[in-house]
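Residue numbering begins at 1 within each chain, and the chains themselves are lettered A, B, C and D in the order written.
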């Protein structure tokens, strides 16, 4: 009965503004309106506090120490791995490798899993909406080993045609690399379907979850995805840390990437043997303090009703989407059903950087540029777009400030 | 006159204990005696405060944004690069590449500079005192490309014989990889001499400065070293960040390592071109908040008379070294002249882990193990050692606590 | 309206960006250069006909923000007819001006005409937009390696 | 002296570590296993002669801390003469004991003798030292892949 009621009237989500000190600052005398969370999210005090407390009480290097602080730090670091495991619903904590970010997570798959397996002429299937981080590592394999990149287009509305992707998978395909959510279009891809169809042809799938993990719960087991890359700083966590989820069997079959401390079993002058995963892929002192911050960020995100957050963000997006319909000089790029809270557009006669500059003086922070997605810009025939992205701390009033700012930009730049 | 007086009576250095909150905590009811700074140093409040202030006021993603916060963050990040440049006396800020740590800095040289240049049978000269981080990347080149590792021994006292190193450099040598300071022996290597002699044979030198940069001023131009790797967390800075200094000409000749955002010039479906260094090697969102912390750490270290700090650490070391002379059951490993403040030893009839466990219950944190230097353990015929390392915040009383703890360990473990 | 913005997006700038002077290709160019700003995707190509140490003709093509297009247009307008030495001096002065540095080397009429770009100095993230065409011109004169402004 | 330490480094433990029982190689071993703890460099090798489902003889060789050596010595002492099924049950109980978990499966005399190792549970960083030999024994019985405790 209660559950039903909750479904009928979803919790009204109150953006936790007070957790984010930076949101109350002024920019050129105007209140900051931060609509650039898809580039990087702000950090709640819960994250900063957790890191500070750890540094002040329990800090030491991990793994190799017998002493109390080293044990405490190791425990905190491994607990963070467990938190990430639960966040992604992975089967085991040791399917989580901590990396320096989402980009490194994808490179880890390229260097340690795919590079030793791919031959000239073998194919990698990817989509035109990928972020450069999910493109350039594959270009390396093209440049260095003769791999072939097979590009899957998006529909005009930015949605991904799973049939087209399926059709691109052939006998020579070694990997499908696809975003869970586009950082430009906001498109959420039908990942479960993609994985099922790729697996039917025996091809593993890497999902770039740098955006996807922020806006919805991720269930890597339910998705049955082989690799899932994500990054801490977009998840309200610290910079300097990200993670790769990979199925245990893949991790075990992967060769090392960086060499150094922690990742070995034994080193002699003549040979070296390697530790089991995940240690094998975590050479050197890891981002220890950041792991504590990342765990705090995951706890923070999980402390909300995530469906309510999603509904809140969707409402902000809809409000913005509706408001810009009246601007006949503005073309929205990415209008797929069920998309995340990212609004990208170009405007006739106004360059994205000029618009962003005007908005900035109004306190409104948006991104202008190619968003590390040049093939997608090419696809839509634009050099750059404006992107406003909405996070759990944004408000309807902030969307209004964006719209107001766009009016101003129009007035200034087309007078 | 003043200057002379100062030389005769060096400043008495007062350890800035109050800057390190963790140092006043208790472990099992005893005051913490943290003698594990060679594994990782504690963080002064100046570092933590700088990171907090940045996160609360100026945080955003760098480089790609037009808006105010992005400009502020970019400025902070690039200012950190400048701080590191000055810290190392590099010629240009763009000779500094930020990495996730010292280990990654060395791997960057292995993957981007050496891997495309080395052929089967080519040689890499390194010493038996290297940390695994300066061994395993070269083992990769042995395993994957047939490189040959040429090991240079140390003298019994742990000092490095520059002649022996010179003799190991032959016509097939492609790189000399050597620690600036050993993390086990404390040995400081004659880097300037090593570089001069290697260069005379046309061979570049990579110095692992993860320890060296902590305990003395580094002048990469004066040393004329080709590559210098260092790590933030041992320099009283945050985890998750390190740096590689490389001569501009080397950086320009290096191929990319990780692929992703920030490091490209242009990406299309069919090809990719790369940004100039250092951006070429900083794929993805960098450790932005950590860069601010690292700069604060460098400023912190530089705020002291570094010679006075060095003298302080040397005095702690001497005090400990003298005190253990009375222990005939204890063998010090590493007694080179001019060595840094690291005391490593093994004890007859007591295993390092047992000793460390007893010390820990006395509040004394030391490392026990192979210290990621297994070839060195092999060289001295030990499986592990105890290592006490002294930092600017340590005191003479803490050394006494160590000595006291060793007496106790002896009593408990050999009764 | 914000003063800095008014200063940045003056009528003259917007006019230049909308109606760029010397736009197009140049048959018989003796020098040319390509510029690209990977941060925003702005592109510019400049074509020069140099005759006896003097810039006899200039054209440019490009796509980009108002600042970069206006700056390119203004540049062509101002450099045509100059000696290479004069052009180089002007370029140096322009770079100082838009970075908010001392631009004492810019004087008289030149100073006055280029002053419309001075507002850029209040927008550090936009300086590269303003300098792209000028860097490209410089590289064209020096032999034509692709200019860029990362 | 600290209670936990006294508990950990009991006379029995120190005695076992100094005078390990069943130390050495075993001619005619039917099973053997190698164990290595890369964190501290401890090594252990166990050799077994199994006859009709019963452990007729055991030997071990090794180098390491007091805990790991005493644990290995105690293990050989206790397992010799047992059936494999009994040995496996004892191993399970031991692992519970040193991790401070419920070790209800350990009873009577076994419990009493192994109790000298119970102090390890207060030292989480040392549990791996205590379990190395036991993991190695398990892997020897299962066919001999190298055991390790990272």
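Everything that follows uses one rule, which is that a contact is a pair of C-beta atoms (placed from the backbone, for glycine too) under 8 Å apart; a residue touches a chain by one contact, two chains touch by 3 or more.
As the structure is a computational prediction, the values presented were derived from the model and not from experiment.
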item	value
Each chain counted as touching chain A and chain D at once	B
Between the pairs B-C and B-D, the one where more C-beta pairs touch	B-D
Farthest chain (mean CA position) relative to chain A	D
Centroid spacing, where centroids are CA-atom means, of chain B and chain C in whole angstrom	46
Centre-of-Cα separation between chain C and chain A, whole angstrom	38
Computed distance of Cα centres, chain B from chain A, in Å	32
Shared-contact residues (touching 2 or more other chains) in chain D	39, 125-126
Chain B: positions in contact with at least two other chains	28, 64-67, 70, 264, 266, 353, 357, 368-369, 374
Residues on chain A engaged by chain B in the complex (per definition of touch)	21-22, 25, 27-28, 32, 34, 36, 39-40, 42-43, 48, 52, 55-61, 64-70, 100-104, 106-107, 110, 128, 131-133, 135-137, 139-140, 143, 149, 151, 231, 233, 238-241, 256, 258-264, 266-272, 283-290, 353, 356-357, 359-360, 364-369, 371-372, 374-375, 378
Partner chain B, residues of chain C touching it in the complex	36, 38-39, 124-126, 148, 150
Complex contacts: residues of chain D adjacent to chain B	1-2, 4-6, 8-9, 11, 14, 39-43, 63-67, 123, 125-126, 129
Residue numbers on chain A that touch chain D, as the complex places them	63-67, 70-71, 75, 264-266, 275-276, 279
Chain C partner contacts - residues on chain A that touch it in the complex	28, 350-354, 357-358, 361-362, 368-370, 374, 377, 383-384, 408, 412-413, 415
